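All chains are identified by letter, namely A, B, C, D and E, in their written order; residue positions are counted from 1 within each chain.
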Amino acid sequence: MAEFLAQYVPSWLAYTAVGLVQAALCLVVALASAAVFIWLERKVSARIQDRLGPTRVGGRFGWLQPPADGIKLLCKEDIIPAAADAPLYRIAPYISFCAVFAVFLALPFASGWVALDLNAGAFFVLAVAGLEVFGVILGGYASGSKWSLYGAMRAAAQVISYEIPLALCVVVPVLITGSMNLVEIGDSQKGWFTSWYLFHDPFTFVTFWVYVTCVTASTNRAPFDLPEAESELVAGFLTEYSGWRWVVFFMAEYAAMFVVSGFGAVLFLGGWNGPIPLASLLGLTPENHAILGWLGNLLGMANFITKAVLGVVFMIWLRWTLPRLRIDQVMTTCLKYCVPIASAMLAGVMIWTYLFPKGVIDGVRHSAPVVQQASAQPQSGDHR
Amino acid sequence: MNPNSIIPTLLATAWLLPLASFVFIVFFGPRMGRHGQRAATVATAAIIAACLLSFTALGLWLFQHPLGHAAHGDHAAAVAPLAGDWYALGSFGALTISVGYYIDALTIAMFCMVTLVASCIHVYSNGYMHGELHDVIDALAPLSNGEPMRRHGRFCRFFQCLSLFCFSMLGLVIAGNVAMVFVFWELVGICSYLLIGFWRERKSASNAANKAFITNRVGDFGMIIGLMALWASLGTFSFSEIFSQVRPAATEHRLQVPDGMIKLAKQGEVAEIVKRHSGDLDAAQKEIAAQLPDWRAQGYGYGLLMLAGLGIFCGCIGKSAQFPLHVWLPDAMEGPTPVSALIHAATMVAAGVYLVGRFYPVFTPEVLLVIATVGAITLFMAATIALTATDIKRVLAYSTVSQLGFMMLALGIGGWIAGLFHLFTHAFFKSLLFLCSGSVIHACGTNEMPQMGGLKRRMPITALTMLIGCLAIAGAGIPTVVGLSGFHSKDYIVAQDLSFWSHNPGFGGIFFFVALIGAAMTAFYMFRLWYMTFAGNPRDGYVHHHAHESPPSMTVPLLILSLMAIVAAWNIPFTSIGLDGLLHQAQPLGTAQTVTGQLVNVTMPAEHLAHAHENSLKAEWMAFAVALTGFILSTLFYGARKWNPDEVRRAFSPIYKFLLHKWWFDELYRKVFVQPALRVSDWVAAIDKKGLDVIADGLARLVEWTSRIDDWIDRVFVDDIINRLARWTYSLGISLRVLQTGNIRQYVIWITVGTVALFVLMSMYWDYAIAGI
Amino acid sequence: MNPLVAPIGLSHYLVVGSILFVCGVLCMATKRNVLGVLMGIELVLNGANLNFIAFGSPMLRADQSNSIGLDGQMIALFVIVLAAAEAAVALAIALNYYHTHATVDVDQANELKG
Amino acid sequence: MSTERMQPETVEFDVRTDEMLINMGPQHPSTHGVLRLVLRTDGEVVNEVTPHIGYLHRCAEKIGENLTPRQFLPYTDRLDYLAGISMNLGWALTVEKLLGHKVSEKTRHLRVIVAELSRIASHLVAAGCYGLDLGSFTPFMWTFREREKILDLYEDLCGARLTCSYITVGGVTADVPDGWLKKCEEFLTQFEPVIDDLHALLTNNAIFIQRTAGIGVMSKATALDYGCTGPVLRGSGVDWDLRRDGEPIYTEMYDGYTWRVIAAPEGKYPDDHPYPPVPPETILGDSWHRYFVRMLEVVQSMDLVRQGIEKYSMAAGDVDEPIPLKKKLPKGEAYLETEAPKGQMGFGIVSDGSPVPWRVRVKSSSFCNLSVTPELCQGVLVADIPAIIGSLDLVLGEIDR
Amino acid sequence: MDAINWHSFFFLMCALVACTFAIAVVIASNIVRMACYLVISLAAVAGLFFLAGADFLGAAQLMVYVGGTMVLLVFGVMLTARGPFVSMKTGPAQWLVALMAAGALLFVLVQASFSIPAWAGPLASQPQPATLPATAEQLGYGLLGVRADQLDQRDAVARGGLSGYLLPFEIISVHLVVVLVGAAYLARAKRRVTKLSTNTAGSHKP
């Protein structure tokens, strides 16, 4: 399209325009997913609480409720408190949102279907997702409210602490695969569900649950939603926000939920590989035909999205079931439980992969990626 | 799997179990039950398992190497030891340091003995140390305000140390090379230090621990010299390699000076030869090899061999508390009694004897003579001191020293089997005696025998087992028929003494008589101990009233050990399997022959000669007679109270005092070592004060006069120059001070300016190509 | 020259690095706040890092014989890690300084001046 | 999870920070109305809490001095608006005490039924809001669902849901409608399993226990010193309930009923109720126990309602009509405390012989219970403030009057 | 028209952002804003790293600098800033001096950057990112003491010299530990809250 446009306008303009349009499209996708999750949260929580949830807007199921809310919130006054540091207050929600949005760049939806196939993908996701908290801190600080400041400080302490066990958990699949490339990590779990890293060995199984705990905490979701604990801090860092900026923070939160669920799916739940290798059983592989391969990938994407959505639903379920932890308990959970357990699991996985390089459940899985990588590596270095 | 691979594995497991227990208790001890109660269970379970493993290994060994009919002097059937390495720690040139094993019948027997005794003592400690389960108020460790110290109980710490000790001791026994021996040698020393100082708040305990540790270092110093001599000359630490070099099979295992030592002794000539064959090493080797027999015949290297032997024996002197380093052992009784039993009676102190036995092939007859002499002195001296001691544990401690002297004496006069045999039997009855004394102390709360008496009604089991122990150590038995364990072992020693006398008609008799007198004194003081403690009327009503029999956890080990004290020397009924046979089998190759010294005219008779019928019969009766004499004297003095010991005491008052003060050894060492050191420092101080100060004062006065003159010159001439300089410097500093603003930002700007300037300068003189790009 | 079309070379990276470096120096030279100085240091380190990366990059120059290759990234990695450590220590010092002086003004920290 | 809790006393400051004064309320989600707490905080640690009240002052007592007792009755509904009927009962009994009036058997049992239902409703709100204070939303919805059913019963009974004014001076406004008792029993039957759900969701939730066990521990002595009453007092293990220990005119209302006071004087609860085990982390007198006592009292009240229904059906005669609207009061004074859901609710009345009382005074249980907050909230974390305030179950309508 | 060069395009974007916000850091007087600008500038630098083919470094930059260092900074800001706006003005004279010095430095540096012809000339055909080696693994091997990218070194002696960065890595890790412990120790205020008296249970009935 850009080439087409470039015939008529200066090329930089054409490319910029096309870039903007594409970015807007991505944004819409992210927003739509956030909207879906907001709706989902309402419905699921309503079911848990013996309610109906939204029922009317948009006909059945109240499916238009989030857009309606969005319009309402857009129309609301964007209040900036007098004590706020206005520029930072304005920019903070977008920092959070951009950070989460940027993670979509590196998140593969199916084998090879990824915007940016980084060979340090897992690391990139971790790094960029960690930026979200920066917006939270900035927003909390810039609000000029003591409650917001509390929220910001809690967010800072909590998220930074949880990055450590989170990183340790992420290292586990990276270690097994021998690569930080998310596509490779996903592909190495090909086959039946037994080859998912969740079932790779007992240590990964535990690691997965530590991962779940950590991402719940690092996305500030209940029972770790201390930065916005409404019964303590009014609304934490969100106290002074209203209207559109509040929506942006909110969408960042829901998009982050999707991101971490998807990331978890890739790392532990086989990514786009279903419990049954339906695509390969049906012959939907690129070896057969490009179109078939494409179809198989489509199936994979459906798998991936299903897993991510289930992950989000799980987080919603948690939120509406559990009371909130106290800040010291949150830190205890992180430093006294998650970090040691994750470290122990990392060590355990190392030993396990050393003892059973071919895996135990699925001995026929394409053998020992770690070893392969190690031996293949020196040759790949001399491309110069 | 064949037994050759199973036995090392079994023993290694038995060896490592206490280590596991130690590590476990270190990490989890305080959390195991209240006050770490479970730690005892862990440690006890570990050592009992080790004991079972050891006996399994023994069974396997016997199955594989059935004991030949004790064929005297016939060593054709000698069993090759199992030797090998588990793990190489590293190699430094030709030297490889490894964790290895050297297993023969002696090793296995030691394993069984150590683990059995240790098991009993672990069980016993469960009861004995129960006071440590709670907070302890230690009246013997007063605080600065005079109040007794209150501290937490150290129950699990005790068992932690015990486990570590068992590990170290077993490691020492199984060690396959000298380096490993040395490591474990030091480790048992550490354990001993820790356990003597278990009640470290007590001044006496910490002093005793220090004393033990430091005294042992003196011995270890010699040992290191010995090890260095071995390593420098033989280039190896491994037992099997050392033995094969010292007693090569080619010479029918006769002792010969190894090539390495000769080369070292003649290193000047060796260097000469090598230089002559510049570059042609093979030729040089050949020439040296050709020269070797000559050199050997000239006696080169013999001194080195003796040095190695004496050095190693030095270590044994320290560890086995031989004269003159025996002083630490009686003080070591400050530790808890089970520790005294395990470490300072049964195992660790016997390690010296064991090492002498292990290194036996290396010792030349001259060295053996030294050993025998040291042993004899120790034996006599300690026995005499024991006659007068009143502290029950000290009596036993001196008895231990004395018995260790017996063993050394036996080894020194060629009685390898006799010495080690006594080591084993002694381990059982001495640990029994110590445990009994612990039981008594536990009941009475005091160590002093004059406060006891008449306890046998209060504590019948203890009294009985102690009596068995006394009988065993005194060597009770029916000559030519049967006897308690001590009877047999002492009998061997006396027989060997007799045989030695007959081979060395002159001085040989000394050893024989010393041994006999020692045996008599042993019987005397042991029964003195028993009578004072258990018989007669209670001397202290309070103590007697509060005394009670110990709990089963303490008495059951006593019973087991007393059984062992009776039967340890017997063969298993209807078989020829017994300690005796086992030791016969373990006797190192080539050591059973009669040998004669090169430098000193001494003959070490082969051991089987001592077992000649008439010789042994004579010895048996003599030993029996002296023991009986001792017993009767003791009964007369203390049992029946026919004679009053106080009268004897008065009559021989100087001797009594001499003995009561332990031959003035502590005072001697104080005079000879400690006080001279203090005095030297006093001298130095005095020289400092009197001599140097006076000189300094005179000098000062001189200087004062000079300076007065100087002062005048100074003021008039020099000051002016200096002042001027100072003024310049000062003004320069003031003007430069402006630059030192303390303002970081200015510094940054200066750095920037400096960088730019450098850049500009560089570009003026060099091309950018200096970067090589 | 159309910057969008013209390919990017090593020099461009170096220029960006220089600008960051100089900005950092300026920051250090003009901020009175301890934390501002700290930020200046971070900028300086980043400018330097950019140079390392650029010199080691395989994409920026035709003649790769003089490239420092992987070493560039290695050194940059070490710089990043050390910078993190440095930031932690500097922050701790700043906190202590704040506790003792009740201010973060570096100009007050001149007790040792000549 | 570990039973180890961070004891606020041992908090060590890694970084020195300045103290900060924060207003919590009067508009704050977890102050249950318009309570204002001024927190002096150091980071997350609260060093001092000062409650400020009076944002809901409506001159209730002064109004009572300008109206006849029956006219004042609807105002009592607004005191503890979560248990209006219990307020009605207290006022009615006080006036009856002044009048020397005795109600019939049937009235007595009917009063027990509705008063205990109001206790259930009040405790349900307390439990649900407590969950909300600790960040758990779902129990709130569940308890409100059940409370709605009780309000439905009230609606059937008298037409009003929240401020019923059902029990009046001299009797009740009207006898029960047909079939109401059956509905009431049906409600109790279906409500029983819901309690187990609540226990599963909240009482035994590990996080809930962590958040409440050992938090805001109030010893018996403190509770007594500050005049705490009701579940707050019983949560500290004091065996005291006015329904048993009060004045005869009140206690005879419960004559013939079998029940036991819910308290754990020795740290052990009476074992005639099915209740989940007490977690070992808890300390008698902490927030968890205050909450737990309320949950047990719900079961106890259900039992009382059942007995009341039975006794009411057996009783002969009619329920009493209220006294005339402007009946002259005898000269004198009367004061009576009753066991309301929040604690001991006292009404005092002084009459000069006219139909309008000369003086009316209200002694509020929540007021006393609130007074202990500065003591309980020393050195706790910010998050513990809602946990402690919520466990006291305050109603500002009653405090500010 | 010429096809757009995406590498140049993104480079320009990132470079502009990085430089602009770096200058903003210099100009801004509010410390929190400075921190915010710095984060943005550093994030843009991370983008430049990605463009130069150093993905791992880019991610590390984001993680360590932006995620870690900056939050530390913000913490420090919060702890030390009295009131939201703390600014300490610098005198214009100092600004002038600093600007002059910095300008000279910038001139020298830029002049140096363009002075080597080989540096200016780009790669004739730039390799696509997909064909680039996976430097993350190489970095890993490098830290373990193997130079995977230098195995084709023909000179065995030289190859032996390229032994990677194991020792620096070890030193750095120890250094990090020391630094963190030291920082934690420095920042400690060594203060304890006095133990509050808690009422002990009394038991008299009302």
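One rule holds for everything that comes next: a residue touches a chain if its C-beta (ideal position, glycine included) is under 8 Å from a C-beta of that chain, and two chains touch if they have at least 3 such contacts.
Model, not experiment: these values are computed from the prediction.
Here the chain-to-chain distance from chain A to chain D, counted in touching steps, is 1. The pair with more inter-chain C-beta contacts, choosing from B-E and B-C, is B-C. Centre-to-centre separation between chain B and chain C, using Cα means, comes to 63 Å. Centroids of chain A and chain C (each the mean of its C-alpha atoms) stand 31 Å apart.
Each chain gets one centre point, the mean of its Cα atoms, and the points for chain A and chain E are 24 Å apart. The mean-CA centres of chain C and chain E are about 7 angstrom from one another, to the nearest whole unit. Each of the following residues of chain E touches two or more other chains: 2-4, 9, 56, 60, 68, 75, 77, 79, 90, 94, 98, 101-102, 105, 112, 116, 118-119, 132-133, 135, 138, 149-150, 184, 187, 189.
Touching of two or more other chains is recorded for residues 11-12, 15, 153, 384 of chain A. The set of chain C residues that touch two or more partner chains comprises 2, 4-5, 25, 29-32, 58, 66, 69, 95, 99, 107. Residues 45, 48-51, 146-147, 150, 153-154, 222-223, 225-226, 229-234, 320-329, 332, 336 of chain A are the ones that touch chain D when the two sit in their complex. Against chain E, the residues of chain A that register as touching in their complex are 2-3, 6-7, 10-12, 14-15, 83, 85, 87-88, 91, 117-120, 123-124, 126-128, 130-131, 133-134, 137-138, 141-142, 144, 149, 152-153, 156, 160, 163, 179-181, 373, 377-378, 380-384. If you check the complex, the residues on chain B that touch chain E are 745, 748-749, 752-753, 755-756, 759-760, 768, 771, 773. Interface residues of chain D, counted against chain A in their complex, comprise 2, 4, 6, 20, 22, 28-30, 43-44, 131-138, 141-142, 145, 201-202, 205, 207-208, 210-211, 381-386. On chain E, the positions that touch chain C within their shared complex are 2-5, 7-9, 11-12, 15, 18-19, 22-23, 25-26, 31, 34-35, 38, 41-42, 45, 48-49, 52-54, 56-57, 60-61, 64-65, 68-69, 72-73, 75-77, 79-81, 86, 88-90, 94-95, 98-99, 101-102, 105-106, 109-110, 112-114, 116, 118-124, 126-127, 132-133, 135, 138-139, 142-143, 147, 149-150, 165, 168, 172, 175-176, 179-180, 182-187, 189.
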